[in-house]
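Letters A, B, C, D, E and F name the chains as they come in the text, with residue numbers starting at 1 for each one.
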Amino acid sequence: MNKQEGERIVDYFIVRDRETSIATNGSEYISLTLSNKDGVIRAKVWDVTEKQKEWLIKRSMIKVDALVTFYRGQRQLNIQRVRLVTDDDAVELNDLLNHASIPREDLWQELRMFIEDIESETLCELIKTLLKKKDIREKLTTIPAAKQYHHAYYAGLLEHIVTLCHVSAQLLQVYPQLNKDVILAVCILHDIGKTKALSDPVVPDYTTNGELIGHVVLSIEMIIEGAIEAGISTDHHEVLAVKHCILSGHVQDSVQSGVNSKTAEAIFFQHINKLDNQLNALFMIGNETNEEWTFSPMFKRRMYTSGN
Amino acid sequence: MNKQEGERIVDYFIVRDRETSIATNGSEYISLTLSNKDGVIRAKVWDVTEKQKEWLIKRSMIKVDALVTFYRGQRQLNIQRVRLVTDDDAVELNDLLNHASIPREDLWQELRMFIEDIESETLCELIKTLLKKKDIREKLTTIPAAKQYHHAYYAGLLEHIVTLCHVSAQLLQVYPQLNKDVILAVCILHDIGKTKALSDPVVPDYTTNGELIGHVVLSIEMIIEGAIEAGISTDHHEVLAVKHCILSGHVQDSVQSGVNSKTAEAIFFQHINKLDNQLNALFMIGNETNEEWTFSPMFKRRMYTSGN
Amino acid sequence: MNKQEGERIVDYFIVRDRETSIATNGSEYISLTLSNKDGVIRAKVWDVTEKQKEWLIKRSMIKVDALVTFYRGQRQLNIQRVRLVTDDDAVELNDLLNHASIPREDLWQELRMFIEDIESETLCELIKTLLKKKDIREKLTTIPAAKQYHHAYYAGLLEHIVTLCHVSAQLLQVYPQLNKDVILAVCILHDIGKTKALSDPVVPDYTTNGELIGHVVLSIEMIIEGAIEAGISTDHHEVLAVKHCILSGHVQDSVQSGVNSKTAEAIFFQHINKLDNQLNALFMIGNETNEEWTFSPMFKRRMYTSGN
Amino acid sequence: MNKQEGERIVDYFIVRDRETSIATNGSEYISLTLSNKDGVIRAKVWDVTEKQKEWLIKRSMIKVDALVTFYRGQRQLNIQRVRLVTDDDAVELNDLLNHASIPREDLWQELRMFIEDIESETLCELIKTLLKKKDIREKLTTIPAAKQYHHAYYAGLLEHIVTLCHVSAQLLQVYPQLNKDVILAVCILHDIGKTKALSDPVVPDYTTNGELIGHVVLSIEMIIEGAIEAGISTDHHEVLAVKHCILSGHVQDSVQSGVNSKTAEAIFFQHINKLDNQLNALFMIGNETNEEWTFSPMFKRRMYTSGN
Amino acid sequence: MNKQEGERIVDYFIVRDRETSIATNGSEYISLTLSNKDGVIRAKVWDVTEKQKEWLIKRSMIKVDALVTFYRGQRQLNIQRVRLVTDDDAVELNDLLNHASIPREDLWQELRMFIEDIESETLCELIKTLLKKKDIREKLTTIPAAKQYHHAYYAGLLEHIVTLCHVSAQLLQVYPQLNKDVILAVCILHDIGKTKALSDPVVPDYTTNGELIGHVVLSIEMIIEGAIEAGISTDHHEVLAVKHCILSGHVQDSVQSGVNSKTAEAIFFQHINKLDNQLNALFMIGNETNEEWTFSPMFKRRMYTSGN
Amino acid sequence: MNKQEGERIVDYFIVRDRETSIATNGSEYISLTLSNKDGVIRAKVWDVTEKQKEWLIKRSMIKVDALVTFYRGQRQLNIQRVRLVTDDDAVELNDLLNHASIPREDLWQELRMFIEDIESETLCELIKTLLKKKDIREKLTTIPAAKQYHHAYYAGLLEHIVTLCHVSAQLLQVYPQLNKDVILAVCILHDIGKTKALSDPVVPDYTTNGELIGHVVLSIEMIIEGAIEAGISTDHHEVLAVKHCILSGHVQDSVQSGVNSKTAEAIFFQHINKLDNQLNALFMIGNETNEEWTFSPMFKRRMYTSGN
């Protein structure tokens, strides 16, 4: 959003979070976190009424008339008028969601073609057994890859998966020694546990499963369950290779699994996964700012965002 | 072993490892790693014959006539005569194995009683489904808890499990808020993945599964498979609680799982597990030395071993 | 406290901290940190008078009439009326203090019995010499074990000490090789330096001694002084064993002493001390929240607080 | 090398290191480190003569007749006969050097084509100014990329550079937002400081410059000198971008430069550089072993080397 | 500043930063960061006019009439009246700048004398070539040594340099083995890159060069450029020694260069540099507080500031 | 020692350590660690007799006739003839000890003068009370400052103390704000605990006290005992300041005390202490080598030792 301080904005938003407080003059106000395709923005509604408190809740779609202010260097909306979206607005949830730059349907088509490229019947069967379950497929193709920082938008995980497949396809020409089937299967399945770890695609939150087991081991659990259902040995050498890549491929401070990468495919996946996550994170910051330098909480430093 | 330098020793041993080399005078010799109930010791056979090279192999049971020497502060045997054990020796593998101070059968009886103490039918059923498989039960009750450092002897894992059950039973009286069923199930199942990660009870080595997946996640995999077989949901809240304790309970540098402890039971288990491992490690060192201070590779410092 | 947003509350509190500010309308207001048995809460007094500024100070006992609001997810009081407690209120400091679940007198009785259990005359004499000093005994039995996070309430240190004695008594049955006298003495004396490091039991703050020397080495200093007074050699082998456990038992990032644990008793104490501190910290969080998941600044992650 | 213990080997080698010692029988022997295309191997010459001590020196090319032995799991040669290579042997240094799998001339051709791909005149000019110096070009196309672990063979650095160019060319199709010119220039120049940090291509050692300044900052120094010579501002925005990628791209423990990556190109380069180094390191280990698992000092763990 | 809460203050300031916000009553206000010789202070202007917004900008010199308030323990000004400084005020920028306790001219004289003490013609020539450039000399003698924490005032860098020269001169008498010329040259040149990394002496900010290259490597770059200009080899052994000390002398977490100190001079410089930075940081805190204990963001702990 | 390989050496040594082994030809030999003023060297006696085994023990003074060999790059003696030193040799222990470059008596005189410089009666009295005890004074003036690495020679601690006093005297002129009395007292007393932590000046080993308490806290204990004996309050503000500097001044990995430095004097002492230890360590390496670069186990890297 390029609006300057003091400019007026009239637009539609989803309510992502809200909190009621009492102002220094004793009247009640609501602090909102709103989002639409342009990103996330904080907002305030002063002298809020009891009625407003009833429908200004998480997940509501609203129309807002507000002035742009700045607080600690970040835009914030001073809401003058606000109401729920009605049918007349002809606005749908999908219109308000920030999502991947490529349509979800196209990404899904690309993913299916990459699955066709896998020659191993075992891995093909494993992937199809998991993706033919409607709830898994539905969620895998809609949730973000992370709550924030990278691919943090509708169908972000699907975009991440398909990009990793493209990266792999390109680099397998440079490193032909690597096992293509294992790598593609890892690209496709490595975050499948997030379908159980994240609550929903619009306002994602960690589930109890996500908190207690973590998405890495949840991915392993789902692969085990899929293999059993498909009649594949859970110790099949290709399944083992895939599991190892997933377990060793998440080496971030807070999400460490039991083993370090010990195969060429695991080393390969670890680096392309980090590469795509970090590049996407930097592109996300760049899209939201007009500054040349922007502080990034993920990188924990100021990043060059070029200012245009 | 208390033998002094230069003393003669005649005894039975298992060959744990061997390597052939050529001495500075051009003749061949063999370096052996031997073990019996008294611990592990290195040995050398000079001017080795072709015949000897054939039967002086890993897992052989041998009778040795040797002189004690010291090399870099450690005892070493200078073998004068050596032959394979014969029936006449009336020596069995079991006689040569260092094992837990309590007979394996008694430990197994104690373990069964702790299983009876679990009131949750879900957890009871899960444990019994896993332990009634002969290969799992056989291995769980014979392998060491680790290749070296702590409980590194025959049935060491079983002793570790039973000790943890005793510790838990004692401390549940001080902390009655904790869930007894979850804690006992964790004590019993937390290292079950080691039955797949370690090759065998006598000369344990890491399996490919152990290297690529690690025993922590292997434990989770086996619980998932056991639950599916027993018709229990893999997300059942008690199963989830057990899995969380196992995943978060192994916080050693080289074996980290996906999550930190987030429940009271997980915190509890993490500390008693470390306590028992470290105390056992120190007791093991103390049993093998007569020195007041002994360097421990596990603790990475000199430990007080009191000299008696 | 279970009050919802907007509910009215009339209750007694201790003032733990206060700060004067000027509101955006130019009038002065006071931000207070209050506490009573239900825990700690922040509060605001708007349009404060000069008189109020005189008596609304640290350690004042006050009666408050306020509305509950929320700020960044935490309850806060919007104080409408406030006055000092008077004799007519029949409220005593003790009534407002959050303290251990077991009466301080009972804890003291238990502690005395554990001291009787110590068979070493040297250690018994050392403990008694220190505890018979009124100022030490008084403080040891009233201060919290920490300013926040764990056992952070009246007599919290005493409760921590007695719990550790119980834990030790239970586990000595599982690990009979350990020296009971040394362990009990360590449980009782390990935090005695906190009587010099913390200013007072009600609004504890670090003393200059606490900042410059730290409570660990202060404990050692007090043991040295006690030993000299009791005519015990400061290098007596049991005193040395106790000092080693204390020095090596505090392995937190910010409070490290000179040595790592090198004896079985030191290893033992280190783990039970952490166990009790962490469990108590989690129980404290659980008591103050109705949420299923609560962020803990001590654990630096969301903890499962079960929501009931 | 696949020779078994006790087999005879007759072959040519370069002497990389040697040390004289006195055996337990009082006679002198020499320990050698030898290498040829098959890798590096240790060897011993017993009862060495004064003459032999004169010509068995670093960099000598020798012909050896030896028996294969094993010491601590590694092959070692027990040399029976040894002499210097003569003209009659028709063996050249080049024949004995382990080098990149692609001929150095072909790699150089590929590198020149990548330079042609750079559209920025500034960067093109900078690269050509540096590479047209004979000593730099000579060394850049012959030295290994590292003394050991990865690309540690003749022309290893050149192979590393060309592989990075290929990786970049492939991935720029997936990430078209990245600046191709900057990335190619970084691939080509990022290790140019190694031409000053490493002593020579055959038996590379760190120079005083390499020890005191490190190859990262030496690369920056050479770019500065090249820019001055070519009449380019040392702060030109493209030169700045290249320098930043180089400085931030070496995040290994022992070789850290002043800044973290803050641009998309720097993030990109950092990951593909690590990817190529680690894959090459693993391939190098795989080529030298027949074992399924091999300990790697670089990865500090056992790596899967598949055993064929 | 010793003003108490509620006291009035009338004084001159420089505007260092400003931000416009909208108050809860809908009116606009400006948050300012002001500074003068007494340090830095935050301030608020309520009900700000459009005119005021035009001239209340970064770098403005203003006269303020305000009341002192406290916010989170820090003084803050509640501005009642404010206007730009006029000629009649007879206030100059210099009067408002906090600077080194010794006049900049005297420091410059001292620095010149230390340069005269250097006997090496090479190092003398190198330093003079760099310092005779007006823009470098101008900036080196006016900028602070850091944006905050230590020597963070006008000519702070010059004071830091001169103090290091004094420290070196004193300690060379205790350690006469050290190379005086190298050490003095390092003291003088070690932060010369800050003249390119920091934007200006009054409101210093990081330049793009500073962000992308860092001041350590910028210092090396400038020395290289200076040497080339002066006709000195960039690898001259004394220049190499100086560069090594600079590269290895900045071992702070966020600013690490490529090498650890490997010479006596580098070890020496590393410690005296840290010593002067930390002592100055503590003295700066002490000057700004009347408290006995003050939290320091640089030291990340409460420091003893003695209260007078 | 500059002897080349194969040269003969006839000299006197102290035996610091010995070990008996059996050679590959079955005969016994002894490995010795010897030292004299030139440093430490390893040696071997082949075909050792029973008699020799009796008197070739730790602390023996011997005369040796040997050939110089090299093993793993280090000189080693191949002893041909060896006997105990006799009265006729007119060699005394003192002649064989490597010690500080300044005579111990002169260092003691200097130390006494620094004590006279302390104006605080409290600190003067404290120091004198401790140093007038014969066993403390005797040991403080003879032991090394560390077992190896720095000041690891006879009276090394005394030299370290006196050098620190000189450094302080010099720098107090640059930083006159610092408290001279506290700093001098810290220089003198900071390692007094080493008189209890190290066994003896010739072949120093850690005592049980040293292992269990560590020399830092032992220093505090001795200061407490000294203060009590001298009738000084153990919390006297100057004693407190000294204790704080000692506790916070040892920030090495293995020897951490309870607190970080929080006073100017503590910061000062921490840096000069590290400076002197590291410079001395580097000078020690330099004295023992003729190489330009030498690997240092303390610095864990190759250090520049200039080769002359």
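As a working rule, contacts are C-beta pairs under 8 Å (C-beta built on N, C-alpha and C of every residue); 3 or more make two chains touch, one makes a residue touch a chain.
All of these numbers come straight from a predicted model, not from anything done at the bench.
Novice: I'd like the angle of the rotation relating chain C and chain D after CA superposition, in degrees, nearest 5.
Specialist: Rotating chain C by 180 degrees superposes it on chain D.
Novice: Using mean C-alpha positions as chain centres, tell me how far chain B is from chain E in Å, no decimals.
Specialist: Distance between chain centres: 60 Å.
Novice: With centres defined as the mean C-alpha position, give me the chain A-chain B separation in Å.
Specialist: Taking the average C-alpha coordinate of chain A and of chain B, the gap between them is 43 Å.
Novice: So which bits of chain F are touching at least two other chains?
Specialist: Residues 24-25, 208, 211-212, 262-263, 302, 304 of chain F each touch two or more of the other chains.
Novice: Report the complete set of touching chain pairs.
Specialist: A-B, A-C, A-D, A-E, B-C, B-D, B-F, C-E, C-F, D-E, D-F, E-F
Novice: In the complex of these two chains, what residues of chain A are touching chain E?
Specialist: 5, 23-25, 29, 46, 67, 69-73, 78, 292-293, 302, 304
Novice: Where on chain A is chain C touching in the complex?
Specialist: 19-22, 24-26, 208, 211-212
Novice: Across the complex, what residues on chain F touch chain C?
Specialist: Residues in contact with chain C: 208-209, 211-217, 220-221, 224-225, 228, 234-235, 240-241, 243-244, 247, 250, 255-259, 262-263.
Novice: For the complex, which residues does chain B have touching chain C?
Specialist: For chain B paired with chain C, touching residues are 163, 166-167, 170-171, 173-175, 177, 260, 262-264, 267-268, 271-272, 274-275, 278-279, 282-283, 299, 301-304.
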